[in-house]
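Below: a set of structures, written as structure tokens.
Across the two complexes that follow, chain A remains constant while its partner is chain B and subsequently chain C.
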Partner chain A sequence: MAVIRDVMPAFELFQPATIDDALNLLDKHGSEAWVMAGGLDSFDWLKDRIKRPSVVVDLSQIKELTGVKEWNGGIEIGAMTTLTDVVRNPIVKEKFSILATGAESAASPQIRNQGTIGGNVSQDTRCWYYRSGWKCYRAGGNTCFADTPTAINREHAIMGASRCVAVNPSDSAPALIALDAKMVIRNKSGERVVDAENYFIGPALDIRRMTVLLPGDLLVAIRIPSTWAGAKFYFEKVRDRPVWDFPLVNIAAAMKVNGDNIESIRMAVNGVAAHPVRLTAVEASLVGKPRNAASADAAGQLAIQGAEPLRHNGYKVPLLRNLVKRAIRGVEEAKWA
Partner chain B sequence: MGIIEFAKSPWGQDVPIHIFFYLIYVAVIAGLTFFIGHVIWLRYFAKKEEFADSTPPGEVAKLPAEIKRHSLPARLFHWVQAGAMLTLLFSAFLPKVGVRFEWLQWHWIAGVVLTVSIVFHIIHASFFMNFWSIWPDKIDIEDAGRRWKRSQGEKAPAPRRFGKYPMENKMYHLAIVLAGLSVTLTGFFMLFRIRTPLFTRNSYMFGDMTNGLMYTLHGLAGVGLIALIMIHVYFALRPEKLKISRSMVYGTIKREHYAEHHDPKRWVAEAE
Partner chain C sequence: MTDTKVTRRNAIKGVIAAGAVSSAGYLFRTNTVMGQSSAPGSVERLITLEVNGTTRRVDVMKQETLAMTLRYKLGLTGTKLGCDRAECGACTVLIDDVPHYSCSVLTHTARGKKIQTVEGLASADGKLHPVQQGVVEEQGFQCAFCMSGFLMATVGFLKTNPNPTRQEMAHGVSGNLCRCQDYDKILTALMRGAELSRSA
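== the complex of A and B ==
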């Protein structure tokens, strides 16, 4: 099926210099246009000839889309800011270190130098059946090849499946949800701001997409309000190869404590569903509770309610449960928060 | 562009996967074209309805003022089926035209309701109603020929009055039976491919070709139902049909309408 070729297929390449130019192009070419950020997701699709857009809009020349600036006490990150720049930004490190940790856990230094925060949150799933060109549900077919009794589905979803069991691979996404980030989306009609937790969608809502972005839409910035600046953070990513891999499961938590009690908390996980999952029930159960083993155990159990593992990914259930427990109990000890 | 979309199966075979979804628009355009054609036909070409015989006024006066046409269970079935069918169509096709919502749950639940209502209808119609009254018979076919000849200016005897259902009702019912059973039967087996509380999911029940054909038939019957339901609603709302349409609410038609259009020998009048 998928044959990696060295040569790019033919398409019309546009490299707009402004957001307005990009929006005009996206409006003109609609669903024929492929939006390319760092290219790390795009090049696989294009070289494998699995996706065959006639038009590629490369955003790399749009300076307005890069950089981190202060915004209402929080920060606004341009969608084309590289992961390395996010990680190294002093404000991010000081106030929102969970994002720096999450972004730094993505891929390798070389990839983080090229990959962007906008691309990281908007990338497609890594399900190999889908990426190999099988005509699965997500590709417009009528079968999920990963959800059959003989499928290789160790990395797939344990919850939120609706025909498709692929998972979202982003490492920065759960951190952004924990920070209550806002995604700024523009198209020719104007601008809309979507909460990070609503930016990602599952197959029940639209099996062909991972985010709310439609043809003509462009993610231009990510705003992080000051609400959780300096809170206690926890981020952990579990992967097969610590040096460079997509997450099996990752977790991000932002917590405010009052004495020994949890005053408020936001927690999100990725790698368990087609979209990053904010654990609202867990959050609600923890507010006002002491940050102790009993609370953590109860939260861990609550987090896995409704999990439906496939044949080869049952390990994700205890993994998720234990990551939730660690996120609650291990905040003080987590060396990288 | 075609009718059926094909894909390569893991074994390298070309298998159908579903219909091309532009057929949604084809069905809607077909329905609208029918409306326009029918209005033009009625306005410029249709002749006045004529029947070979009539009930004498004295006999009409002896009939109940309201003649029972649809029993309460039959009416309930109709409206349950209508609700389920509309839910199925909207949940199936709105996402295809860009309206995002979690459609699958609505779709399969409405499908189960439709299936149960059809099973009820088959039992009810087979054992508690006059089963054959809705199927075209020899008289219907002969009279359809007579009507056609007369509409073309040829000589032919006037058609007889209808039984309980006019020929177009019977033909519509036949089309709905074919399309409805196609979506229901294929939908039933498609239920096994998704997660529901009803069955253990089994994606290997059929091979890729059979699955593809099932999705294709499901889609074809589904888009066919778009046009059929548009036509149904159009006729139900036409002024001259409102007397019949009201019987699906109240259960009865007026005796004058009955006497003019229906043959008492083929459909014996009963009071509500």
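== the complex of A and C ==
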């Protein structure tokens, strides 16, 4: 890590100006093509020479992929819109502030100025064994180096593991799931729309991928329906340093209340599994319940059902439980226990 | 008679001239090579950059980062390479007034954009930028390897928030590390710079 080795190995670079040109290039080069958005994830792979694509398709020149526009009462965010532009967008701030809070908590100012919302949700895991080029399951091998008795796995998964115990590092993903966002994916043969919670996949489904994107696919936009506009939001990210670091655990919740009672709620966490986890059982248990300590405690307990920590990440279990409690009751009322 | 005679000297001259032509070939390459148009989105090696208000023609590799081009092709060594991994901020430059880690930008992406490095902060007559002046007045840095990155991050941040609180300034430059851990003095200097910028 962090060794300067002069320049990256050579690759053929394409900077198409339109989505159609990009799709043609992806179609032509198939699995040889590396899709690059902001580049913050890509450059680590390329500089470390762990991944050696022969063709890089840089999306930075495609103007139709940037910007936030109104859509059906909600908004449509171009996949190449930078996190900074998402955070500063007045509609996002006013109606979907949880996304602004989530995006603002990612990385550092310079990275947010360049990193895109599409890249943030499509980035690869940060498991250091995998990123360092160890031939693990995810890299096509037959071992998980993070799940051995001596492994350093403080930041790895406590649930949803299947051979691989890596986690999804995105901060905007749980916010998008809480907002019931739709991912618009395009390839040469057409367009499909996938719910945000189904956009991410775990190792049981495909151990080589983090999302449903296949070679030739391009995430072009993210649509946020008006359903949760102006709801009660809660976002919290726990990490070691307040800048740069990926979440140890983060949580996003959107809630509608009727007096003291919870009318409806959506809640998602990240940093606990290979994909962001929507806590559907917790949501179901809370509907119609009063927003009090008893409901929050029960919800916290429910959230950690089935958690299987590794040697060094047991702390994530109470952390997840308490974040769920805080999301329901607010920071002040939740007791750390 | 001597004009047409093949001498060793003339033969060498000829070889040199031919070499110059073939190696300069890429200078005149356009999107159509030998009548064939290249694929949409393919990029040229020789590109034009606008750096510190000056137009610079430069030959860059496809995989070259802006930090490499600035330092080793254009000689602008004020931009430092710390980690080369978007994790320290020493290489921060402004692209269209927005702070970026130049180690993590392909030079080709910066075509047609306004690039500003620390060398472009002072005016032509040598008068320091107000933020630089603030650093001089408050003696903000110890070893100062991180300084040019901090200066560029601050100048970019002040364009979006010209009157920040100390807290806001700290957040604005939170993408820059100082291994001397001199943050308190750095912040004091940058806040002085912000003050000078407002009165400039």
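By definition in this document, the second predicted complex is superposed on the first by the 326 of 337 C-alpha atoms of A that agree within 3 Å, B and C clash if a C-alpha of one lies under 4 Å from a C-alpha of the other, contacts with A are read in each partner's own complex, and residues count from 1 in each chain.
Please note the rule applied: a contact is a pair of C-beta atoms (placed from the backbone, for glycine too) under 8 Å apart; a residue touches a chain by one contact, two chains touch by 3 or more.
Please read all numbers here as calculations on a predicted model, not as lab measurements.
In the superposition on chain A, A:Asp21 makes contact with chain C only, not with chain B. In the superposition on chain A, contact is made by A:Lys135 with chain B only, not with chain C.
More residues of chain A are in touch with C than with the other of chain B and chain C.
When the two structures are aligned on the shared chain, A:Glu263 is found in touch with neither chain B nor chain C.
Contacts of A:Ala204 after superposition: chain B is touched, whereas chain C is not reached. In the superposed model, A:Glu94 lies in contact with neither chain B nor chain C. Once the two complexes are overlaid on the shared chain, A:Phe43 sits against chain C while remaining clear of chain B. Using the contact criterion defined above for the overlaid structures, shared-chain residue A:Glu191 touches neither chain B nor chain C, since it reaches no partner.
Of the residues of chain A, those at positions 1 touch chain B in one of the two structures and chain C in the other.
Interface of chain A with chain B (complex): residues 1, 134-135, 140-145, 147-149, 161-163, 201, 204-206, 214, 308. In the complex of the two chains, the chain A residues touching chain C come out as 1-2, 4, 7-18, 21-22, 24-25, 39-40, 43-44, 46-47, 56-58, 60-61, 84, 107-111, 113-114, 242-244.
Residues of chain B touching chain A in their complex: 5, 7-8, 10, 17-18, 95, 98, 100-102, 104-105, 193-195, 203-204, 208, 211-212, 215. Across the complex, chain A is touched by residues 39-43, 61-65, 68, 81, 83-87, 89, 92, 98-101, 103-106, 108-109, 153, 157, 171-175 of chain C.
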